[in-house]
Every structure is written in structure tokens, then in C-alpha cells.
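Okay, here's the structure, questions in a sec.
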Amino acid sequence: GKSDKVKIVLDWTPNTNHTGLYAALDQGYYKDAGLDVEIIQPNESGADTMVASGKVPFGISGQDGLTQARTQNVPVVSIAAIIQHNTSGFAAPASKNIKTPKDYEGKTYGGFGSPFENSVLQAMMEDAKADYSKLKSVSVGDADYFTAIKKDIDFEWIFYAWTGIEAELRKEPLDMLYLKDFNEKLDYYTPVLITNETMIKDNPDTVKAFVAATAKGYKYAIDHPAEAAEILIKAVPDINKDLVRASQKWLSPQYQADAPRWGEQKKTVWDNYANWLTEHKLLEKPLDSDKAFTNQFLPES
Amino acid sequence: MISSKWFKAAWPPIMVVFLLLVVWQLAVVIFNIELWILPDPISIIQEGIHNFRSLWMHTVATIKLTLIGFAIGIVIGVGVAWLLHLIPGFKKGFYPILVLTQNIPMIALAPLLMIWFGFGVLPKIIVISIVVFFPIAVALMDGFLQTDQVMLNYMKMIGATRLQIFRKLELPHALPSFFSGLKISATYAVSGAMISEWLSSDKGIGYYMKQQKAGFKTDRVFDSIFIIVLLSIILFYSIVILESIVIRWKSRSHKWN
Amino acid sequence: MELKQISQTFMENGKIDTVLKDISLHVEKGEFVSIIGPSGCGKSTLFHIIGGLVAPSHGEVWIDGKEVTGQKGLISYMPQTHALFPWRTIEENVILAQEVAGIPAKQSIAQAREWLAKVGLAGYEKAYPHVLSGGMQQRAAFLRALLSPQEFMCLDEPFAALDALTRMDMQRWLLSIWEQNKRSVLFVTHSIEEALFLSDRIYLLSDKPTTIIQEIEVPFPRPRREEVLSEPMFQTLKQKIYATMKRVHV
Amino acid sequence: MISSKWFKAAWPPIMVVFLLLVVWQLAVVIFNIELWILPDPISIIQEGIHNFRSLWMHTVATIKLTLIGFAIGIVIGVGVAWLLHLIPGFKKGFYPILVLTQNIPMIALAPLLMIWFGFGVLPKIIVISIVVFFPIAVALMDGFLQTDQVMLNYMKMIGATRLQIFRKLELPHALPSFFSGLKISATYAVSGAMISEWLSSDKGIGYYMKQQKAGFKTDRVFDSIFIIVLLSIILFYSIVILESIVIRWKSRSHKWN
Amino acid sequence: MELKQISQTFMENGKIDTVLKDISLHVEKGEFVSIIGPSGCGKSTLFHIIGGLVAPSHGEVWIDGKEVTGQKGLISYMPQTHALFPWRTIEENVILAQEVAGIPAKQSIAQAREWLAKVGLAGYEKAYPHVLSGGMQQRAAFLRALLSPQEFMCLDEPFAALDALTRMDMQRWLLSIWEQNKRSVLFVTHSIEEALFLSDRIYLLSDKPTTIIQEIEVPFPRPRREEVLSEPMFQTLKQKIYATMKRVHV
């Protein structure tokens, strides 16, 4: 039959966060739903603007970015949480023996240039009664964790499912301090599946079909980690295969985790994070979280 | 005969590059630098050979993109230089616009280009052309201005039209400047293609490199760099050879005795 | 061709430098007129004005009964410095003026080759100007002017870099061509003999600020042959001109 | 007198830019383009004024970085051109290395620079210098080769040393080419500073822009772009003015009558 | 200065072009020697060989009893085309050779200004070459050679672009300077009169392939004044040289 052409733009180069999309594509879930899906690589500026402008109906983003975007009236909406909990955190080589925020004193943090990272660190250290002024923070731009820690840098903010697993593969043990463990308000959704308000208003059926098929893809990745990894590798042949396999094994159980169904988002998570930002003067306007996300397109489990 | 001449011209740079690679290889071995920080040339080349098919596919994509963008950039560069030189007042008015085109950061331009021109090949070619046309236009305009006054007077007096003066005097006189600009542009053309591949692409060396970087495959990142540098150097020396074919009348001997 | 009260001043280091002052002269159709004047008096500038390159500070240029001040392309011109294009071979240089006038290269190249041989440049048709000697370059530039299609020729010291004999050849040869075609010629030279041998009339110019100090009719009949050079009248005229120039020379 | 002359030279570009801004403003209003896609000039300027102190601080940092890097890049460019021109064989051998320096993508170079030079100001200056030196070196070397043969012969015959020929003949003769290269470089210098600010920075317009981009403050992103373009144009026209001061002997009138 | 059996060939369009063939000549200390020869015979090339710019295909250059073939900087030189630097003012151009020789600018500039006035270029010290007339440029280039510190002067048609009177001034003036300082001079000219008036000896060159066809001792005593020009002997010599040249001229 006739199928709708839809595009989805990623947030980064393809990785295990995206396995469900590739699985849905490979297993024909999209086709079954009458969708002809094309996965598009992002550019430097990420997916939000492109989705908001209507050039692409769907994209991958994060709750942190989306919160900022919403308060600037950018009409993007989160329609599914790809991973239930925030798997990012601060990592340091085990040899440096940095285990608690207190240990950050006198150390050097290598940032990637986000507006919040220093505030997060400050909050963490002040909570642990450590002296934030004793932390040195430099932006390391494009340098990755492994490069940065070779020179002057003591710890970085990483996603465990990717960089952390690579460290395991390299047998370079690291100490990880997850954001979610430090403060539950920082257990925000990252990444999330997004669309724009026009789509929701004009093509709710397409959105519903897309989310349903995507959910099936992630379900497949949850149930068949090994096969899902191979699907991703097949779709993106130049990818780091060992890393994908190991990462997939670690990440598959994390997609749904303790949630009743894959993709479920809780208002408290959205409000908590926005409140935390507001407390730390990082948000100019309050967030209307009801407009920022919706569970309405998720399939009944 | 010819091959020996080419060989004589080619061996000094090849020697230098070869020496550089040897030093690099030794440095990596001696200082025991880990592979994912700075891989050694041998590993890089091995990985490149191992991964040849995929690399080749991406390289071809980049070459195509580069050549199209370069060609269009040259046309635009010559055209802009010509218009700004020929039409009185244009140069004064539009020079700042030229400068401006070189200074809009990609990070800001990229989303706009995609919104306006979609995901096809068009926005990418636009990016390369923007990078390429500028040095050509600037060098050419300066070249036009350096036209010999006595020859110019002669052409005017015998009644040459503005266009004849341009074609028969200013253009050939500015050829060395043009090639100067062309050489600078050629160097940037491949980098321009890299940048343009950031605008959503699923092939090309720029894409490949980004992906390998994300996968912490430093040796493959360096494979891409090798290819980029190689392409640029080939493009650059094509221009140099073209220059030596086109500008035959130069009497200047490069030797110093 | 007629110049009506041409004046020309330049600004030099803030000082006003009057070069030409009220110059009126004329060249009839088919006439050969020479200009003699001290170095720096403004002869080349006069040509620039006639050619429309420089707008005179005052005065008018008339050609064929029309005012053409500032109009270009009406003369065939040989500049004082050869102005050969280094990226063109000698034959390509020689046909340049014809090319500009829109004459197809094929026929003009054939003609150029023929003439190059006549001025002693056979074998250099495909050479670039920089391998030629000073005198050879000058001959090429002369040929370029000669082959220009315009009726009115302005030649600025065309034979200055030639030895006496080659010069004589060129003069004799120019004369024979001119006697056949009767183009109007305005000719700048430093050689009084050359002027007397070639021209119908001679204008003598003073030093800056330049005026015309004398206009001399040359009485020798046409066609002229080398023999006139040894006529007593020739020597007398030469002496007279020399004396006049000496009188105003500072 | 002077001010009126400057005014005459300045108004055409100012007019053109002004017209451009007006068209942009109208387009945004007429097509009802949303602020976060393409803000209108008035909003951009308002936001800039509102945010002036912070912008100013970052601008000063970028200016400092740019000027230092530009200066060092010029010195290197002239030095490289000089060495490669003067020492026989060097040019042949090292030209490809020059091309190479322009083609190592920042994404690969940045981490290496950091490992080697730390996080201070040094790697940033290196990045700017790399961007700046190349067009200058290429244009200058080509300029040297165009030296008038007759003058060169004269200098050799009267016994001028290689260095005297360089200083008294080749260098002044290549000045127009040098300025040509300088103009191209000046245009890239500010962009070079932007790129370098991606490598570890906590101030500068590049840093500011990235932050605002992350916060979806498109108007502020455009404030940064305005400043970048403004800085580049100021730098560019400083070179143009310098050129007109240094090259006084040119007889070429730019007018066509 | 001595040239020993100099030969020079060029490759032109694949053909071998023999320009100089076994030229031997010498200039003694303090001697003034002229060279006369047809256009394109190789006079400028000879200077290039003496100046060390071109390595002769065969033969040697000796100066002061030493072989100096290919050695540069031993002569003060005036090229046929002026070779003034367009970015230097006239006075800066004039002192160029002194600058190259390491003489401080302060003293040479003062000297240059003095001399510029003498060649009729007062007021143009700070002008750039392009505003000068052809003859004025030539005079500036001549001055540059004259003020060079080297003993041995090579002048390539220094007065070709000058009118008869200015030329006479320059000649007279060169003569008086030379008679005071007695520098060795090798002088290329196309004017037989000029050669006779100025030199001690004259070499006559043939057409290509160029050989020396005659060497003429000029018998007039020093110091020479303009009067020699009207001596019968002067005319006789002039006629003789002209006749010799004509004999070999094709």
C-alpha cells in the first residue's frame, strides 16, 4: 500500500541509544505501520531546530535541551523517553581515587561547554560540604574522555552506556558518580523522542503510528540485545562493533527499567528538573511541563 | 624524459613527507604513545587497507562533492571579481558582503541552510562554494588592479572596449594572482567539503571521521585525515601543474646562481 | 586632425606644473607631420590627449571636422615604451590592434608574418617579447601601429632604439608605404634629419611651459629618396632648426 | 576634508549593509518568521544592547586573542614565504607540508593540541596562526616569483646580495600580493579565533555563541554573529587602509571614463 | 677589463641562435670605449656577460688582471630600459646602487639632489618614475649609474631617448666628469657622432653572428670640446665608419 514518508533526525552519530529505531526499520515495524522512515544524521546544531521548524517531523533530543527550548517558545514536544533514567555522570579513572564530590577539591574538571555543568558541580560539592572554589574547570571542546584524562584533566561528564563501556573494554576502570544518585531531581530523561506541535495537531495518527512502531523496535532491542546490536552494526557498517555489542548488552535493560511500559514519562521528572534549574537561576521562565511532553501516543502496553 | 622530469619535481616533497612519517613512527614507538591518543603511521595504514572498501566509498563521495563545489566556487569567484571590478561602485559597496560570507559561523548557518535548501546536495555545495570563491575573488580583484599602466593606456588609446581590455589585458595580467587565489582555495576546498558533510550526511570522509571519532577509533580518524590531506595535496598540485602549463611566457628563472 | 588651444597642467608635489600651453596644430588628410621638442616638453602627453586618454585642462581635439576630445580608438598609436604584452608571441602582439578592431586573426596573422620578415624579425614570430633586443621590440611595436586599421597614425619616437642603418631602412620603408597609402601621420622624433627626411611639415616645441615656436614647411618633393639627405638645402634647414632650438634651450 | 573623503568611501558599503538589514527586517515581518528560527535585526540589536556588558567582555577577549594570533600568523607567513623562497629546494620540499597544515580537521587537531600544549592560551594562538599564515605565505611566494625581470637583472648586475634583492626589490614588488594574502587572512582571523575558542575556553564570542545556542537564544546567537562579522570587517578594512597608505606609488586610477 | 673570445648562443624555438662569436675586446684603466653595432647584434647581451648575469657559452671575462667570469657587482651599469623602481622616488632610485654598496643614504641623498638639478630634474626629486617623461627617466637611470661606486661603467644607450640638445648637454657633461675622474667606460650607442665625440676607441660590431669588424682609435686630443664636431677629420671618420657599417649591413 501507500506509505507515508517520514524522517527522523538523530542527536549524535548513530549509537546504542538509537538501536530501537534501527530495529524497527530492520524488522519492518515501520513498514507495517504504513511509514517509510528515513534516519537522518544531525548537524552541529542538533535536532531541535530542525524538528521545530517542521523540516523533519521527528527527532532525538534530551529533556535538558527541550526544557531550554520550550522556555524559548520553540514548539517541540517530547513523545517518549528512550531511557528511563539518566545514565550520565561524572567519571574519573579509578587510579585517581575520586569517589565523592568531596574528592573534587583541588581537581580539574574537563567540561564540554554546557551552560549548566558548572552549576551541577557546584550544587554537588556544596551539598557534600566541599569547597567549590577549589575546583578548576576547563572546557575541553572536542576532546573525548580518554584523551582529556591523559593531560591535566581529572574527571569528565560521560554517558556510561557509551564511554563507560568503552573504558571497560579498554580495561581502564573508572569511578562513576551518576547524577541520579546524587540528586533525584537530576534524573531527567535523556535521550527522548521528539516531534513538533504542528504534527501533534495535524497528524496525530502518523505520530501515533510512529511511536508505536518505535516502541516495538525498542521492545525488540530489550528482548534481543545481541541481535539488536547486529542490526545496528549492519545498518551502520563503519561503527565500532565491539563497543556496540558491549554497550547494547548494558543498555537493553535500561530502556524500560522500572517503568510500566517503554517510553513512559512522568510529570514529576519534568517538574523536578525545571525546578532544580529555577532554584539555580538557570531557567529564565517557568516551564509548562504539560506542554513539554505527552504520553498520549504511547501504545497501551 | 617527461617522467624523469616529473620524478625530479616530485621527489623532494615525497622525501619530506616520508621523513615526517618515519619520525612520527619512531616517536610513537619510543615514547610508547597509546594507539587511541596518537596512532602510528603503520597502524593507520594497516587499518586503512583493512577497511579499504568502506573508506573508498566515502572518499569517492567526498571527491564528487569537492569537485562540484570547487568548480562552482571558481565560477562564482571569477564572476564576482569580474562584476566588482567592471561595474563602477560595486566594489566599494559589496566588498563587505564578501567578507561577511566568510564569517558567518557554520554552527549558525547550517540550520538555516537546511531549513531553506533541505537535506540534499544543494546546501553542501553552497557551503563549499562559499569557502572556495572568496580567495579567488580577492586575489583576482587585486590582480586586476595591478595591470601595467603603459599597456592599459595603450589599449585605451587604440579604442579597446571595457570588455576587450578585460579579456585581452587584465585577465592574462591577473593570471598569476588568479592561480595564487586558486591554490589557496584548492587547499580549502576539501576542508569545505568536510564542513559541508556535517550538514546531515550519511556518506563522505567527513561523516566517516565523525563517526569513528564518536566510536573512539583514533586510527580510523587518522585514516580520514590521511585521505583529506592526500586529496587536498592532489588538488593543490593539479593547480600548480595547470599553472605551469597556462603561464608559459614567464621568463623568470627560479634558479639562483 | 586639429588641436585647438590645448593646455595641460599637472599637480606635482602640490605645485602646479604647466606642461602644454595653448598648443594649436593641425594635420591634413594624407599629410606627414613631425614634432620636435626637448625632453619632457610634453610630446607624449600631447599624444595622450589626441588619443583621448587624458582630458586636456583646456582646448579641443577635432578629427574629420568633428570634435572628438576624450574619444578613444580613432588613432593608430605607437607608444614611446613598446608596451608589448609579455604573454603574447611577437606575431600575436603585432595583430593586437587589428584584433581589437575586430579583424579576424587568420588574415591578420598571415599579413603580420609577411611584415615581420620585412622589419628583420623573421624567425621571431613565435618568440615572446622578453627574448628580443630593445631595437627588435621597438620594431615589433612599430609594426603593430602600422598594421592598425585607423587612418591617423601617431608614432612616438618609433626608431629611437635603432642603429643608424636599421633606422635608415625603417625610414625609407615607412616612407614608401606612406607614399602608397597616404595615411595621416603625426610623428615625434628627436632627430632633425629624420623629421626633414620624412615630413611635409615640422612643428618645433619649446621647453615647459610648452608652446609652438616654429612651424616649418619641408620643401622637398615627393617621392623622396635618400638623395635629399645630401642636398645643400637639407643641411641648411637642419642647421636652421638646430639654431632655433638652441636659441630657446636653457 | 579628510572626514568627507572617508565619508565618501564609507557610505556605499554602509548603504548596502543597511539595505540588507532592512530587507531582512521586512522579510521576517512579512513571512512571520519565528524568533527562534531567524530573529529580525531590531530584536537582535535590542537584545545586544540589553546584554551589552556581557557581550563586551566576551568581545574584548576575542579581540585580544585574534590580534595576537593574527600578528603571530603574519610573522610566520612572511617567514615561511621568505625561507621557502630564499633557500633553494625548500619550496619544493615543504610546500605540501603547508597544504597539510590547512587540512588537518580541527576535530582531530584539537585534542592533540590540548595534549601537547595544555589548556592555556597557547593552543588557541596556534590555531589562529595556522589559519592566518597560509594565505599570506602563498600569496607572498607567488608575488616574489613575479618580480620584474629587468629590475632583477639590474640588481644582480650591480652586485646586490640575495638579501638586498629580497629587501629592496622582491619584497616591495610583492607588496600588492602580500596585501592580497593579508586581506584573505584577516577575513579568516576572526573565524579562526571562534574555532580556537571551541578548544577549552570560558570566554570569548565563540564560547558565548555556543552557550546561547545551547539555550536556544537565537537572538543572542545572532548578536555574536553580528560582532564576529563586525570585527572581521573592521580588521579587513584596517588592512585596506594600511594598503592604501603603504602602496602610494601606484599610478593606476580606479576610475573608468 | 678584458673579454677573451666570448661566444654566446641561445636556443630559440628549438633552433640554435649564435649571437656572439669569438668577441675579444679590452678597456684599459681610465679609457672610454664605445661599441656600435646593428640592432639585435648582442650588445646588451655582452653587458650581461660582463656583469656576470649570463654565463657565456664560451670565453672569459677579466677585470684588473683577475678572471671574473660570472662574478657580479664589479660594474656600475645603466640598462637599456631604465629599470627604475616604481615604488621609489627619483632620488631614492638614484641612490639605489650606492645603497646596495652600503653607502649611508644621508650623504648619497644630498649628492643625488645636487646632481639631479644638473641633469634638469630639479623639482622631481620626490616624484615617482611614472610621472616622468621617457627622456627624464633615462636621465635618472643614467645618474644612478654615474653615482655607483664601481670604477668600471657600462652604459647601454644612455641617451637614446633625448633630443639633440639635451643629449649634447649630457654628453658634454659626461665628458667633463669623466675627464676629471677617469673611470673606465664601456658605452653602447647608435650614434656614430656620439661615439666619436666621447671615446678613445670604438669597436664596430657586425650583424649576427656577431664579430668585431673594426677597432677605431679616435685621434682627437683631450680635453675635448664641442669644436671637434666641426673638424673635417671628424666628418671624415664619421663617413668612414658609416661606410664600413654599410658594407656589412644586409
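The chains carry the letters A, B, C, D and E, assigned in the order they are written, with residues numbered from 1 in each.
To be clear about the criterion, a contact is a pair of C-beta atoms (placed from the backbone, for glycine too) under 8 Å apart; a residue touches a chain by one contact, two chains touch by 3 or more.
In UniProt terms, the chains line up like this: B, D = ABC transporter permease; C, E = ABC transporter ATP-binding protein.
Everything quoted here is computed from the prediction, not taken from an experiment.
Counting steps between touching chains, the shortest path from chain A to chain B (ABC transporter permease) takes 1. Ranked by C-beta contact pairs, the top interface belongs to chains B-D.
Inter-chain centre distance (chain A to chain C, centres taken as mean C-alpha positions): 84 Å. Centre-to-centre separation between chain B (ABC transporter permease) and chain E, using Cα means, comes to 50 Å. Annotation for chain E: residues touching 2 or more other chains are 81, 130-131. Among the residues of chain B (ABC transporter permease), those touching two or more other chains are numbered 37, 107-108, 115, 149, 210, 213, 251. Shown for chain A are the residues that touch two or more other chains, namely 45, 49, 53, 142, 144, 147, 150.
Those residues of chain C whose C-beta lies close enough to touch chain E in the complex are 10, 12-13, 15, 36-40, 42-45, 80-81, 120, 123-124, 126-127, 131-136, 139, 157, 160-167, 190-192, 242, 245-246, 249.
Per the touch definition, chain B (ABC transporter permease) reaches chain C in the complex via residues 148, 150-151, 153-160, 164, 168-169, 172-173, 175, 247, 249, 251. In the complex of the two chains, the chain A residues touching chain D (ABC transporter permease) come out as 45, 48-49, 52-53, 65, 68-69, 72-74, 113-115, 137-144, 147-148, 150-152. The part of chain E that touches chain D (ABC transporter permease) in the complex is made up of residues 47-48, 51-53, 72-77, 79, 81, 83, 85-88, 96-97, 99-101, 128, 130-131, 148, 150.
Residues of chain D (ABC transporter permease) touching chain B (ABC transporter permease) in their complex: 9, 12-13, 15-17, 20, 37-38, 88-89, 92-97, 99-100, 102-105, 107-108, 112, 115, 134-135, 138-139, 142-143, 145-147, 149, 152, 162, 176-177, 179-181, 183-184, 187-188, 190-191, 194, 206, 209-210, 213, 221-222, 224-225, 228-229, 232-233, 236-237, 250-252, 254-256.
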